[in-house]
Amino acid sequence: MTRGHLDVIKRGARLFDTLVVAVAINIEKKPLFPTEERIAMLRETVRAEKIDNVEITTFSGMAVDFVREQGSHVLLRGIRTLSDWENEFQMALTNRALDTGIETVFVMASLEYSYISSRLIREVATLGGDISNFVPPAVEKRLRKQYK
Amino acid sequence: MTRGHLDVIKRGARLFDTLVVAVAINIEKKPLFPTEERIAMLRETVRAEKIDNVEITTFSGMAVDFVREQGSHVLLRGIRTLSDWENEFQMALTNRALDTGIETVFVMASLEYSYISSRLIREVATLGGDISNFVPPAVEKRLRKQYK
Amino acid sequence: MTRGHLDVIKRGARLFDTLVVAVAINIEKKPLFPTEERIAMLRETVRAEKIDNVEITTFSGMAVDFVREQGSHVLLRGIRTLSDWENEFQMALTNRALDTGIETVFVMASLEYSYISSRLIREVATLGGDISNFVPPAVEKRLRKQYK
Amino acid sequence: MTRGHLDVIKRGARLFDTLVVAVAINIEKKPLFPTEERIAMLRETVRAEKIDNVEITTFSGMAVDFVREQGSHVLLRGIRTLSDWENEFQMALTNRALDTGIETVFVMASLEYSYISSRLIREVATLGGDISNFVPPAVEKRLRKQYK
Amino acid sequence: MTRGHLDVIKRGARLFDTLVVAVAINIEKKPLFPTEERIAMLRETVRAEKIDNVEITTFSGMAVDFVREQGSHVLLRGIRTLSDWENEFQMALTNRALDTGIETVFVMASLEYSYISSRLIREVATLGGDISNFVPPAVEKRLRKQYK
Amino acid sequence: MTRGHLDVIKRGARLFDTLVVAVAINIEKKPLFPTEERIAMLRETVRAEKIDNVEITTFSGMAVDFVREQGSHVLLRGIRTLSDWENEFQMALTNRALDTGIETVFVMASLEYSYISSRLIREVATLGGDISNFVPPAVEKRLRKQYK
């Protein structure tokens, strides 16, 4: 989770009554941190930022099915301006083909986080650089431990 | 108003309790149709499509001020996938700089309308081509009269 | 092979007297299906779609050399509008540098298939989602078996 | 007509038995040169380049109708790599919506002409700069006369 | 001159011993302010920002010729990340074709100014909005007077 | 090192008194050639091209720190027009966030090398194709040996 993700969570929490942040469990991909750790980082950060109307959970399977199960029909995605909007559009259109009743809604991350990419953060962390501008404290301390 | 705009209105009406569709009154630009005519086309179309929770109105001045006056803090924009997302991002960021409390939210127009541009429709109409795939009937009849 | 690829094959078959569809044999990459299976899927689909003037074959080595060996000087590529045109341009320019006599010609896939990517299809298939909108039946049944 | 256009004409002439180059007559737009002059420049250039299988003509109305009248179903467009591919895709999709039987086919202009734009050439010509790298001689002499 | 332009001037002044900022005199285009006023705004701003090694001047004719006359071979351009890099590349390549000895060098404007466009600023100014985040004071006071 | 990289080195050498070309040592990535070999290829090529004011070295750690250690504050990057400008912008903005005193400066590679990618060159070399247009002789001979 980067400061860009946090910014999108904040915006989403202002737009909707309840925002469910769901971490995808993907057996094939190997994320840097295990799922429980990722959930913990999200929880710590949301608490530190005093965002009340956010639920943090996991899901496996297809995103559209998860949205349905939550009784919702809106899938919120943050879009960085310097970045993967093309991927986002492909994913949104694939999800629309899978379930036309689910609407993907985009908000723009703050400009100051628009260039932050997980790959570059990881590279900076590996090289011992200062990543406090890029990730919230709950992530920074874990990344530091990981790469020490 | 193209079928792409109509599609975005439909999606917005499903997302929010009430959707206010506001036509900008801009003294300097000369739109093809006068404001009253544009309002009429919108009203006819929304009625024909049986979309109930849409209010149609005009505004002058800045969009962010209009959103505030409506007691809202959300500005909905449709985004075509083959198109001006760059302009949209610039406008959204300018609006954010003008009023950080207003959030621009994007939905994607249906793929089948993603390539429709007002300029190309006007060109086809001028040349006597069939525009019924590109605009709703209320617009088609007026464009036909205009270019006969 | 996605429905997007099939759409491009259909368009190519209408443009040229004979269309040779060639599957690249690449020892280093590991495709999901072995070459014979990929050929079989193409043959089944082309027969089911009643496209008569298509030959299906394999090639190894450079694409420009294969085109020469076929006695042709045209390399047809489908271009999705939401996608890798940048990669396509790089490849076309590299091929032009390798053999200036070979012309790469592009047709646009149908808009409704423009967002379909093999990666996303595979993801949906893995998760047990419905992929019949994305691939022809000959591919669907094999993907289903693979991911059961 | 720039050297980029000429390059596309050459490529088209190698791809097809006969290539019809059609200048659009548009009453509303005011091109730099009158239609007859534009035709003359094309004829001179094609003759100088010894391209035999090119017919030069004009058309008014919709491009898809013109293609039909010529007994063809292929619309060839040159695509510059640094440029308006987005406009080209919109136009191709609009034409497809108007007549699904007409296929737009793209070839890439030579890289060395990929950045040439009519607007920049005109600017250079106005300022008395050397435009011989950008346009064929038949155009150069007329532009020089125009801006002397 | 926006805050984006000012930011690029500052970066250029740190990179080179002397930076010449040249306002193009173009008889055909009608800028919002006359040349003398534009020069005055630049001078006021550069003085207020205490940038010492900047010369402000005008030029007519081609940019590459002006660079030569200054005894330089470097043309500095600021590039906004959300914006016209395509235009910039076309212009740089055209200039390279006109004079291969002149090198166009790009610096990135600060992210916080990357979305600012003259067109949007003018629109905000016309509507009476606050433009102090977008332009330096010397420009703001003149724009305010203009649009009162 | 492609001919595109060489072109950027030449342009950099003309822009600055001394140009330091630094090969990143990255333990995790496995480049095709070991570091010493990459340095040797650079040295041979720079000597063959008679570029005098270039120093070739290696660095590990963060690029901004290396620039500081060299007593410089400029980081030169070549930008291909058909390519990764988005990645370049992300990296430049990340570097700016890490050290605001370091300025990333871009020059454009020559158009004729703008489409060359290491990945495609490697593919052509694997298939036994002619790569002399894409890489300098010092690289060509090593790639040939590698893929024989």
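Which chain is which? They are A, B, C, D, E and F, in the order written, and residues in each are numbered from 1.
Definition applied: a residue touches a chain if its C-beta (ideal position, glycine included) is under 8 Å from a C-beta of that chain, and two chains touch if they have at least 3 such contacts.
Since we're looking at a predicted model, the values are computed, not measured.
Engineer: Among all chains, whose Cα centre is located farthest from the one for chain F?
Structural biologist: Between chain F and every other chain, the largest centroid distance is to B.
Engineer: Which of these, B-D, D-E or D-F, makes the same contacts as B-C in over half of the contact pairs?
Structural biologist: Answer for the repeat of B-C: D-F.
Engineer: Name the chain whose C-alpha centroid is farthest from the C-alpha centroid of chain E.
Structural biologist: Taking each chain's C-alpha mean as its centre, the farthest from chain E is C.
Engineer: Taking each chain's centre as its mean C-alpha position, how far apart are chain C and chain F in Å?
Structural biologist: Once rounded, the distance between the two centres reads 34 Å.
Engineer: Centroid from C-alpha atoms only, then distance chain A to chain E, rounded to Å. What do you get?
Structural biologist: Computed value for the inter-centroid distance: 38 Å.
Engineer: Distance between chain C and chain E based on Cα centroids, please, to the nearest Å.
Structural biologist: Taking the average C-alpha coordinate of chain C and of chain E, the gap between them is 47 Å.
Engineer: Mark out which residues of chain E touch at least two other chains, giving numbers and ranges.
Structural biologist: 81-82, 89, 93, 111, 115
Engineer: Identify every two-chain combination in which the chains touch.
Structural biologist: Between chains, contact exists in these pairs: A-B, A-C, A-E, A-F, B-C, B-D, B-E, C-D, C-F, D-E, D-F, E-F.
Engineer: Residue numbers of chain F touching chain C in their complex, please.
Structural biologist: Of all residues in chain F, those touching chain C are 82-83, 115-117, 120, 124, 126-130, 133-134.
Engineer: Within their complex, state which residues of chain D touch chain B.
Structural biologist: Counting only chain D, the residues touching chain B are 28, 60-62, 86, 89-91, 93-94, 97-98.
Engineer: Help me check something: in the complex, which residues belonging to chain E touch chain A?
Structural biologist: For chain E paired with chain A, touching residues are 81-82, 111-112, 114-115.
Engineer: Mind pulling up the chain B residues that touch chain A in the complex?
Structural biologist: Residues 11, 14-15, 73-74, 79, 81, 85, 89, 92-93, 96, 103-108, 111 of chain B touch chain A in their complex.
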